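Structure record follows, encoded as structure tokens.
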């Protein structure tokens, strides 16, 4: 019985990884359409290296994600710090809903807002659009990992440290791992975002997911739009995500063991 | 908490004893400046410190969960209070060394250790060193032994007393454990529901409790309904288990007959539970005396005590 | 200082809700384009009530979400139960990454897999596609809320209850709130999903987000595609999401207070 | 844990005493069937129960965190073990009633209460009722008092002892607290690092410890380097604080001179810390005797004891 359950769990986990595995294997497939495995090949990666549009997409995704990650975590840190040591507050209740609001609804709303105020759509509107969502996520993450340490702050105070000194020597170093986690998560959410980017971008500005989307619409029309060319483009994106996720998991696991 | 007025004697250990939730910890935090009192004042040497922030009070505090900085080494934990004060690194080094030696930790072995690598007792010592190294005017301890094993607790209580004697530091120690209070106190403050029931030298509080509550909270007490010739009125009185004599040879003021129900061996003392007229009285007898008495479960015994040993008759309810 | 921080937090939270508020207000706007508020009106809601396509979209979204929520939580519950009382395991490490893999990458991979095996695209492929992601989410949620209670199970055993009895009388009732939360979350994720649905659906099958997407591409071409007609369509979707999120938050808050 | 062999006496309370992490809880879980032993056997009445699942062992267990079912009322918690056994609801009702009364909870007041509404002491009683209602062959208690205040702990220890006497149930009680062990034990098992150091009636373990470790773990002990005429060899010996007499009137075997360093008032007993040749000896004196002695800090005193009271000289290391 117990063995059966364990075997089941193994199979389930394997299935979870099936799409990713399928994609990675096919990025090494000589065949452009995955009609079968025609032998190993690096041709799609060589193509990707010559792909200026993909490079621009990766670069844009990266700058937007980095800016949005840093901005949203900074904004959220201040809020989490202000909320203080209390375990649950009204703000915590308010922070959850924006996370689960349908992304497409928020995307359309953002589009309409930007349109209404006459904003020029591009890097900045995309970054702000991502941040609008990321702030809530960063806040929830930071509240969970902690940015206040009541007893330790009290200890520092009784030892003679003022508010700023306590913040610098006690709060910041202890909150730091959580801040890194929050930046990683928001970076990732932004880096891989599609819908909100689509609705908040303007002519000429695109991120990697937008590029892939554009190409996926017309498979095989040119070399860059072959399915397995797309797969090769995904691979770095997927590896970045996986490594951040694994780093995060290892961090959480090491914390729990303590 | 209301109407609590507490004057702590300089250079002595004052233990605040009370059940969980009686306001002991809040009292300590008010002294430390971590909680602002709704009303009332905090005075040190007659000066009003009520609005002084905690970092300017010159207080050393050991917290219930110790609150050691997990991201710093033992050395950096102890050095923290000195560095904050801008003490030169050279002097920091020698004073941290001294402080660690004072609490019985070898500096060469412990200075660079991480907090999480230490045992509960060792962490306790580091917390003590950290709060002593800044040479505070007052040392506050908030149930610092709550999570320690019995034997380690006993040893550390002895050391805290030794250190306090050595440094002459005014100390306030908060606990719910009367055995801890007994082992360490000079003065005892018995608290209940945010009210101070009694405050005085521990021997006095034990010998002359002002109420039955104090009698039974600080030390053991048998409560009896009684009417005596010597004392006016009728009510409850308390008599301590060790003040009752079994089969007394001399003439005593009060004598009852009863049957031994249970014997509880407690090491140096034996507790003899005697049923008398439907009440159970607990009697404590020294081990040696007990063997001389030769009583067992089921033995008929006479119990006697002196009127002068009866406590708390005043506060009969 | 403290007051300033609190004020800041209020403003931040208000900004988070700005897009949603903007959308709800405009759904009552007589003007079709939000060029200004031309007076309150229910015309877009009246239109929505006559909108057969929207009803089909809501219905399809609902059935897919319900099926995917129930299926993924069942699969995940078994796995979480199998993993047992240990605090952190290999499986926990494996369950996180699929959550953060870029959705568009997974969507494309799923599309290609379904295409490769020759599956007929429609309700079933969409549901499976959603479940592939939801299982990981449900697993992580159930591991957090708990499906094993070591000490209580031990207590039940010593009191004479066998394994099944312990499961029925102790494990199930205690795990139940977590199961409800997991179903709510996966339901919501599925209900509001866009990209994966787009890539795994076939001709003739659409969910509400797909319908809105189609209409949003040609604003004002017909009455149904006016921006404020779309806003009115969103409102029930947003309200469903918000109420699930609020219910969840209230639940979490009540647990923490205990 | 290796080589642990434990025979528990029927109808008595056996206390397993040892520091945290010495394997006490694991031992209890092996008895309950919740942990399978790597080797060795669990016997009840001579029958091998090693492979019997926990639900078939007829054991009542009170866990350290109590493990009350939070989703059930007090009544349903206590009824659980009976319902599992298919007892009719009518009988369940009367037996739950009895069990609650047995542990001192009024059934009409408590039956429908939620677990989370109860105080720590009340929860403790419910846990006890739940494990007693099934009339187990053996009652196992795993540090059940760990989170309770001193006074409540004392009261419950007395009640557990009373209940055990009433029901005659074979009981194993695990703790790290020697004071708890003293208050409740018939038999004591002293454990350390997964090894049983000594097992016997508690008075015997106290009076005749087989080693210095036992002497100082169960009760207090002064350890002395010594060489006596009456005992062969040289080594460490233990002498209990209450076995030392201050300024003895009769002739004793061993007499030292020293100076009183500290007096620790402990209620019925006073601890006198005396410095003798660079060692500190702790002496326990009854309160009354102490007043007669008239010594204070700084007094010169003579200390004496009988060779027969020296413990653990055998196991000198």
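For reference, chains read A, B, C and D in written order, and residue numbers begin at 1 within each chain.
In this text, a residue touches a chain if its C-beta (ideal position, glycine included) is under 8 Å from a C-beta of that chain, and two chains touch if they have at least 3 such contacts.
What you see is a predicted model; the values in this text were computed from it and never measured.
Q: Provide the labels of all chains in contact with chain B and in contact with chain D.
A: Chains in contact with chain B as well as chain D: not a single one.
Q: Starting from the mean Cα coordinates of chain A and chain C, work out the distance between those two points in Å.
A: Spacing between the chain centres: roughly 18 Å.
Q: For chain B versus chain C, what separation do you get between their C-alpha means, in angstrom?
A: 56
Q: In graph terms, with chains as vertices and touches as edges, which category applies: line, ring, star, complete, or other?
A: Topology of the interface graph: a ring, with each chain touching two neighbours.
Q: What chain-chain pairs meet the touch criterion?
A: Per the contact definition above, the touching pairs are A-B, A-C, B-D, C-D.
Q: Spell out the residues on chain D that touch chain B in their complex, using ranges where they run on.
A: 19-20, 149-151, 154, 161-162, 165, 176-179, 182-185, 202-203, 206, 216-217, 219-220, 240-242, 262, 264-269, 284, 286-288
Q: Over in the complex, which chain B residues touch chain A? Could you list them?
A: 29, 32-34, 53-57, 59-61, 63, 65, 67-71, 80-81, 84-85, 116, 130-131, 134, 140
Q: Show which residues of chain C lie in contact with chain A when the two form their complex.
A: Within the complex, chain C touches chain A at residues 2, 5-6, 8-9, 12-13, 15-20, 22-23, 26, 34-35, 75-76, 78-79, 81-83, 87-88, 91-106, 108-110, 112-113, 116, 132, 135-136, 185, 188, 191-192, 194-195, 209, 212-213, 216, 227, 230-231, 234, 237-238, 241-242, 244-246, 248-250, 252-253, 256-257.
Q: Taking the touch rule as given, give the residues of chain A at its contact with chain B in the complex, in rising order.
A: 151-152, 154-162, 165, 169-170, 173-174, 258
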